[in-house]
Amino acid sequence: MANSKYEYVKQYELDDSLLPGCWIVVRIDGKGFTKFSELHGFEKPNDKRALDLMDECAKEVLNEFPDVRLAYGESDEYSFVLGRSTDMYGRRASKIVSLLVSCFTANYVAKWAAFLPDTPLRSTPMFDGRAVCYPLDSNLRDYLSWRQADTHINNQYNTCFWALVKSGKTPTEAQATLRGTQTAQKNELLFNEFGINYAHLPEQFKKGSVVIRRKTMVEVKQRADGTPVLRERNLPTVLHTDIIREEFWQEYPHLMAP
Amino acid sequence: MANSKYEYVKQYELDDSLLPGCWIVVRIDGKGFTKFSELHGFEKPNDKRALDLMDECAKEVLNEFPDVRLAYGESDEYSFVLGRSTDMYGRRASKIVSLLVSCFTANYVAKWAAFLPDTPLRSTPMFDGRAVCYPLDSNLRDYLSWRQADTHINNQYNTCFWALVKSGKTPTEAQATLRGTQTAQKNELLFNEFGINYAHLPEQFKKGSVVIRRKTMVEVKQRADGTPVLRERNLPTVLHTDIIREEFWQEYPHLMAP
Amino acid sequence: MANSKYEYVKQYELDDSLLPGCWIVVRIDGKGFTKFSELHGFEKPNDKRALDLMDECAKEVLNEFPDVRLAYGESDEYSFVLGRSTDMYGRRASKIVSLLVSCFTANYVAKWAAFLPDTPLRSTPMFDGRAVCYPLDSNLRDYLSWRQADTHINNQYNTCFWALVKSGKTPTEAQATLRGTQTAQKNELLFNEFGINYAHLPEQFKKGSVVIRRKTMVEVKQRADGTPVLRERNLPTVLHTDIIREEFWQEYPHLMAP
Amino acid sequence: MANSKYEYVKQYELDDSLLPGCWIVVRIDGKGFTKFSELHGFEKPNDKRALDLMDECAKEVLNEFPDVRLAYGESDEYSFVLGRSTDMYGRRASKIVSLLVSCFTANYVAKWAAFLPDTPLRSTPMFDGRAVCYPLDSNLRDYLSWRQADTHINNQYNTCFWALVKSGKTPTEAQATLRGTQTAQKNELLFNEFGINYAHLPEQFKKGSVVIRRKTMVEVKQRADGTPVLRERNLPTVLHTDIIREEFWQEYPHLMAP
């Protein structure tokens, strides 16, 4: 073969397999999304269209990769969980991370117009990704709790911050007002100053999004008379629910099952 | 902080920095592109529209990431070269690989319609990626030669294969005809049977695509009288040229410069 | 500093930390011990002096490194188990492996004369080592069971093999005799041909050696009248017992405790 | 096989191969040698017996492992250099590091009595080790220059420090005297206060030790009349010479040769 004298370079590809028997979490993050969201006029503190687009992309990742068991997302990040025993691509980190990122990104661009029809895409949306291994079920639970607690903290802060800014404060003044405040104080501020009951805000903003596969009735065809034929399918579904508490995991025990 | 008891999970993120002082090559590959190209009716053995789209995406990667010095692509793969001394994202493998893949994928979807206007996108184009380190300049040269030699071998084979198939042979018969043939024999077959002079085929098909930055005159504005104002810019440019021979590297010495 | 222009080379030291939260097993193996044991006239199939020396070295490793919870050894290998939550040397693989190997080797040479007083050391005893992570308690149990099952299989085979060789067979004949035999057949052979009841062989040969810390009464000083003063100490102790069965782990629950 | 159900645990052994084509440096360091040297009454600032023992152990490492091209040592550390193209143990980091450390340690204990005959070994000498890859010849040269510059800096400081302490200063006072002093000032202090001409101190202390293989005449047997039969052998030899300057590398070009 004409290229045989060059083929030695393949030996420089080192193995990057992830430890067997661990949960694999791939977390992807938007690159420079503060700027990206300004450029595209995202609503503050939360743009439901942009969040719905993120959720849709995550569903497509679950459609494409059966080994992804569940996903959790907030803002411009999403975490995908692969089962302990997955042998997807021999557990090679770069293969798994790059494909999940690529799938997510492709869908983000492809479905953009459906979610933000009046906003042309003006720059390239990009996501980085990394894989992390967790040995114990409790580690995985704690990881997901960490992300959801983060969602709550960020959302509450941002809701206050943008209410203050929209009311005429500068960003610096808004930050100063919020410095050192606790959860209860922030809720009071929202209610007293702006008439916002934090508890009544959309669950999607407060809890983020969980994507799991769930039995769903789907129309697979129509009869001659036009009545639909339904079948049960196991489809990716988005929930905005508490995944820190035990109840969620009792309701969906297959998520953690061996 | 409410999430402080969960934050220990961050410690599970292990460092995946690439060895300093080495060339970094990130090679990305289309996932399942045999099927993808059939689904979208790509012309065989080469679809110029699809190759141009790949080249355009590679140019965008160079636009986005100044640390990418050059790129080489063929078929559904592209290799991106980062300089020895790059400190892009602390040389973290997953960060670099995922962002390059994400940038490439986003552009592939966003620019699809411009290159294949009559072909709606019917499935999700995805690319995997991996990073490889090369200690010596000669290793990098050999890597790129390996890919370009591969381009030649594949293209010559595919040109014969599809000529045979289009002439009525089954794929199995075409494979049998080509088994064990050398370069000279394949060229003869093409010429004698199909009147194809392999040497006259487009360079893009035979040599693949090299993307480098080159001084280019660009119109930056117009004068009041409508005449353009030109400025020299260092822009990503696609070449279809031999990168195995020494001349290319002598012409662009900055590509290998420290 | 005179050496400041060279100090950049430190950046080439990459992090090799082991995943947090996993059991760490460091297994060390004698290098070329078939030859080493011949050179020093080790008794076949088992030389109790050499095994006792191995056990003594393992005890010293536990004396030196409190994070080593237990050890299991057979023949010329020993496995050391570090707890899930150990932060010994920041869990850096090369640091942990090299120090355990170094400690073991130093003691092997230093204590050689005490265990094989009539045999001068004629070559350098060397051990290689590697670290492996296990996410689950069950993985660690299975690892240790794997090694102990291996001890049994090897010892039974070697006992038969050397009995045949000592009775006049060539090594090749002995191998041929044993090929494909099962446990029961090997025991019959030993009993019928050589009058050896396998069950009566020393537990050290059949079960290998487990080293754990156990409360032990130690003489710490003597009273004026010469009577000893005893204190309870938690000292490394060698057992030759079944570690596959559940009972062992129930008897020493602290070994697996968080 | 009785242990087949446990064998899955072998899959948890991850590959730790070092990048091909790079120089491999394995640096070993004494563990807690400040205390170790006090316990054994090492002469300060340098104990020639202890340094000779280190050098002897390094020679044995070169005797044992032909792939080790050269070694450089100072104080309680030694660096071993393996050639770019070595395939020793498939370039697995833990295998290479552990065996070099084990070989060094075994010899340190075995030869201790020959070098320090009046000093019984009172604690276990231990060395840790790590492997680092260097892509360029210049990186390797800089690494070795870094260590030798370090030897000079440490030795000059320690020579001053111990002269001050032996003259009656406390360690704290000695440190205060030396704080911020430059090379020239330290040399003056040594000469004016203690009559020590730093330039006249042994090269072993000032330059450290380099071990390379060099053609050496060796007596291989004696003739009947008692005259020796000499043969040229390529034997590990210790030099105390400048390895920062170019001349050393010109004199021994094979050290860097491909």
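As written, the chains take the letters A, B, C and D, and residue 1 is the first residue of each chain.
The criterion applied here is as follows: a contact is a pair of C-beta atoms (placed from the backbone, for glycine too) under 8 Å apart; a residue touches a chain by one contact, two chains touch by 3 or more.
Model, not experiment: these values are computed from the prediction.
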{"item": "Each chain counted as touching subunit A and subunit B at once", "value": "C, D"}
{"item": "A-C or B-C, whichever has more C-beta pairs in contact", "value": "A-C"}
{"item": "Label of the chain whose CA centroid is most distant from the centroid of subunit B", "value": "C"}
{"item": "Same-interface partner of A-D, chosen from the options A-B, C-D or B-C, over half of the pairs matching", "value": "B-C"}
{"item": "Computed distance of Cα centres, subunit D from subunit C, in Å", "value": "30"}
{"item": "Separation of subunit A from subunit C, taking each centre as the mean of its C-alpha atoms, in whole Å", "value": "47"}
{"item": "Distance from subunit C to subunit B - Cα centre to Cα centre, in angstrom", "value": "53"}
{"item": "Two or more partner chains touched - positions in subunit B", "value": "12, 14, 19, 21, 133-134, 139"}
{"item": "Subunit C residues within the subunit B interface of the complex", "value": "11-12, 14-15, 17, 19-21"}
{"item": "Sites on subunit D touched by subunit B in the complex", "value": "19, 21-22, 84, 133-136, 139"}
{"item": "Partner subunit A, residues of subunit B touching it in the complex", "value": "1-3, 5-10, 12-14, 16, 28, 31, 60, 64, 92-95, 97-99, 101-103, 105-110, 121, 124-134, 139, 142-143, 145-146, 149-150, 152-153, 183"}
